[in-house]
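Could you have a look at this structure, given as structure tokens, before my questions?
Per-chain numbering from 1; labels A, B and C assigned in written order.
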Amino acid sequence: MRRWASPVLQGLVLAAAVVLIVLLPRFTSEFRLGQFTYVGIYFIALLGLNILTGYNGQISLGHAAFMAIGGYTAAILILGQKGFELAGHDPAQVIPEHGMRALFTIPIAGLVTGVIGYLFGLPALRLAAVSLALATLAVAVSFPALAKRFEHLTGGGGGLSLPLPHAPFGWDISTPHWLYYEAWVTAAILFVVAWLLVRGRVGRAWRAIRDGEIAAVSSGVSPAVYKTLAFGISAAYAGVAGALFAIQVSYINPDTFPVTLSILLLASVVIGGLSSLSGVIVGALVLEFLPIYAQAPPVLHLNFAKQAGPVVFGFVLMVIVLLVPGGMASLIRRITRPLTAALARKA
Amino acid sequence: MSLTVAEGEIVALLGPNGAGKTTTLRAVSGTVRHTGEIVFEGKQIARSKPDAVARAGVAHVPEGRGLFAELSVWENLRMGAYVRGERRTLRQEAPRVFKYFPWLERRRDQQAGTLSGGEQQMLALARALVGRPRLLMLDEPSLGLAPTVVHEIFRIVKELNADDGLTVLVVEQNANVALDAAARAYVLEVGQVAIEGESAELRRHEGVRKSYLGY
Amino acid sequence: MALPLAVVWSQVAQQVTSGLAAGAIYASLALALVLIYQTTNVVNFAQGEMATFTTYIAWTIMNHGVAYWPAFVLTLLIAFGGGVTVERVLIRPVEHRPELVIVILTIGMLIAINGLTGWIWGPEVKAFDSPFPNRSVIVGGVAISIQDIGTFCVCLGTVVVLWLFFRFTTLGLAMRSVAFNPDASRLMGVRVGWMLALGWGFAAALGAVAGMMAAPTVFLDPDMMLVILIYAFAAAVLGGIDSPVGAVVGGLLLGVVINLLGSYVDFVGQELRLPTALAVLLLVLVIRPRGLFGRVVVRRV
């Protein structure tokens, strides 16, 4: 009986989450909605990072750079050649028709970033876990310098201003609402893709490699193939998130995706729970709201410096690592287990 | 299982693979969890950490010898003296140890990992001796070594026992050599003491002869 | 291109010496990474932030009117204590957990310490005194800044002192033995846990030296060591992550090469130094994963 009680409960929770996400725009201000749009965008990036780190055991501290690649790809496509020439002089003159529709740039950004991530995964194969972490951190740190250096593509330090996004196909909803749905529908699709991947043959191969490369080889799994695949897919997710991010703020410059974001992304995955897809949503909420609430804790009416965010973030991460290895997801599971058991008994 | 080693005695632990000989030594030196009682010179050491047991005067030459392959011969000896405060101990004990292993002095700057198997075993023994242990535990000193080297090692152990009254507990597959050196021996079988007694007595024991001595 | 050869030579020599000064800073921090890698078997991502934090402490001490060198020594002691404490309190509980877990813990430290530094001292850039005069000496027609000479000497001096410590003292030997074989060290009566903590202490002190030497030129700000940490890591990997000699040679080499490339290859310039270092890092890792001086264990069984 227990065997099916858990999937049923999971299904119920998932359904409740979907309803909540769909209905949320009715109950919140546009400002709040913007924050929840970021949650959706982070959700996508964290899904990708969890595939790489949680399921495949490879650390990346460079995912902000992959987000940036996605963001720049989308921005360049949206501006188009003509818009690109104008963007440097007078952003106000740029009109959407100059380039591609924002929505269509998202999958292309994912594809481009995925290919770049796959290519980066090739030399990364030769790196031990820790060297990989530092190599990816180095990528994230050098990306702004690279972006500034290749000014003709990226607009240099001034960045690229994008036209304000609108709902396409003549839909009559406000821009924040459109952006919210755009982010969350993408997130839902990518969640299902991730779920299918992780459940299936590929996911089994990833986990086998994570848990012991030698054993994985002897059971016929090629680490080279699956590790680079994980890198590619993970980067593609980051690229999609980056594109959505750039569209959301309708601006991108070399500092839109700072190193700090890379580091906080990894921290959020761990806080949410490595190799837990449901933990990713917790991670995304933490990433968006923890810094805000740490700085100005609600109820207490306190106001700390901006740095309170990272400090609390760092400490939460350390506490999770030291005390709750499975992350928030396992904590929630532990709390709800009595409930699941009760349900199972009733059934 | 219960066993005792008296001061100034050489005791051998015999038995087939998996009988628990190595585990017994590791229990004494505190490198394995166990529930028994271990009393050393009147003090309970069963719950002590390995480094505390070592400082109490028990030297354990483990399986695989536990040398520092990357350090020189001399540095390995310095580590042996660590338990009693390196410098003074080394000044006093090194000449004594070099008497038994004269070649070590000539090759003190060689990297320990580049010594031959027999030399490594002797270095491990010498390193343990530098710390002037009250009890020396040797785990399979003959493993993988040529018979002449094995005899050399046991000759030195016997000499040390005769000269300084060194107390030794030795685990051995090679029962012949071990019984030759030891005053008493225990035969372990699946974690139990199956037979115990004087070495000479055990040599006459039919079971021991058949299973371990091969005649 | 009609520059007299002597001028070209003196320019190159200047670039090399300032590269050596920068390289000595990378070398110190790289050595700190190696120290921790050898004992705890992880790369400490918080190494740079720990160094930044202690450099701010030095700044505070000096602001209270303490002269440079006493403040320098005091900071080293504080850093050492801090490193030991971090190991005892944070690393000890995860000692036997997978590498990934410890790495993530150090990343947590990175985030927290970075935030704390900004919280305590504010995000704005501060000037940090240099103990050396801002002049140059002319050696064989080459003008060398005293600042560079001083930085180089302090960093390498620290490295030499550490080397003597590890080579000749009982404690140093015990720490090395723990790095090579912790189980055997325990049987020798070594308190392994404390040796690991001391390793973190020395690493933190080395980081503090790197921080205090870097601060006069890069200025004091909460993120100042992030880039230096990456150079240091590149240096450590270049030399072989388990080789102290490699870390030092790798650091100096990287400092000189990056400085020369940055000055004489237009494409690299000022901005692309870091990506170039990254490219060097990746190249070394792909061609020779254990680095230039990586350990080849000589063992006969």
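Methods note: contacts are C-beta pairs under 8 Å (C-beta built on N, C-alpha and C of every residue); 3 or more make two chains touch, one makes a residue touch a chain.
Quick caveat: nothing in here was measured; it's all calculated off a predicted structure.
Shared contact partners of chain A and chain C are absent.
Among the other chains, A has the CA centre that is most remote from the centre of chain B.
Averaged C-alpha coordinates put the centre of chain A at 33 Å from the centre of chain C.
Chain geometry summary: the mean Cα position of chain A and that of chain B are 58 Å apart. Separating the centre of chain B from that of chain C, both taken as means of CA atoms, is a distance of 43 Å. Touching of two or more other chains is recorded for no residue of chain A. Those residues of chain C that touch chain B in the complex are listed here as 170, 173-174, 176-177, 180-181, 183-192, 295, 297-301.
In the complex of the two chains, the chain B residues touching chain C come out as 29, 31, 49-51, 54-55, 59-60, 62, 66-71, 75, 78-80, 82-83, 85-87, 111, 113-117, 120, 127, 131, 144. In the complex of the two chains, the chain A residues touching chain C come out as 53, 57, 59, 61, 123, 126-131, 133-135, 137-139, 141-142, 145-146, 148-149, 259, 263-264, 266-267, 270, 304-315, 317-318, 321-322, 325.
Here chain C touches chain A in the complex through residues 42-43, 45, 90, 93-94, 97, 99-101, 103-105, 107-119, 123, 226-227, 230, 233-234, 237, 241, 269, 271-272, 274-275, 277-278, 281-282, 285-286, 289, going by the rule given at the top.
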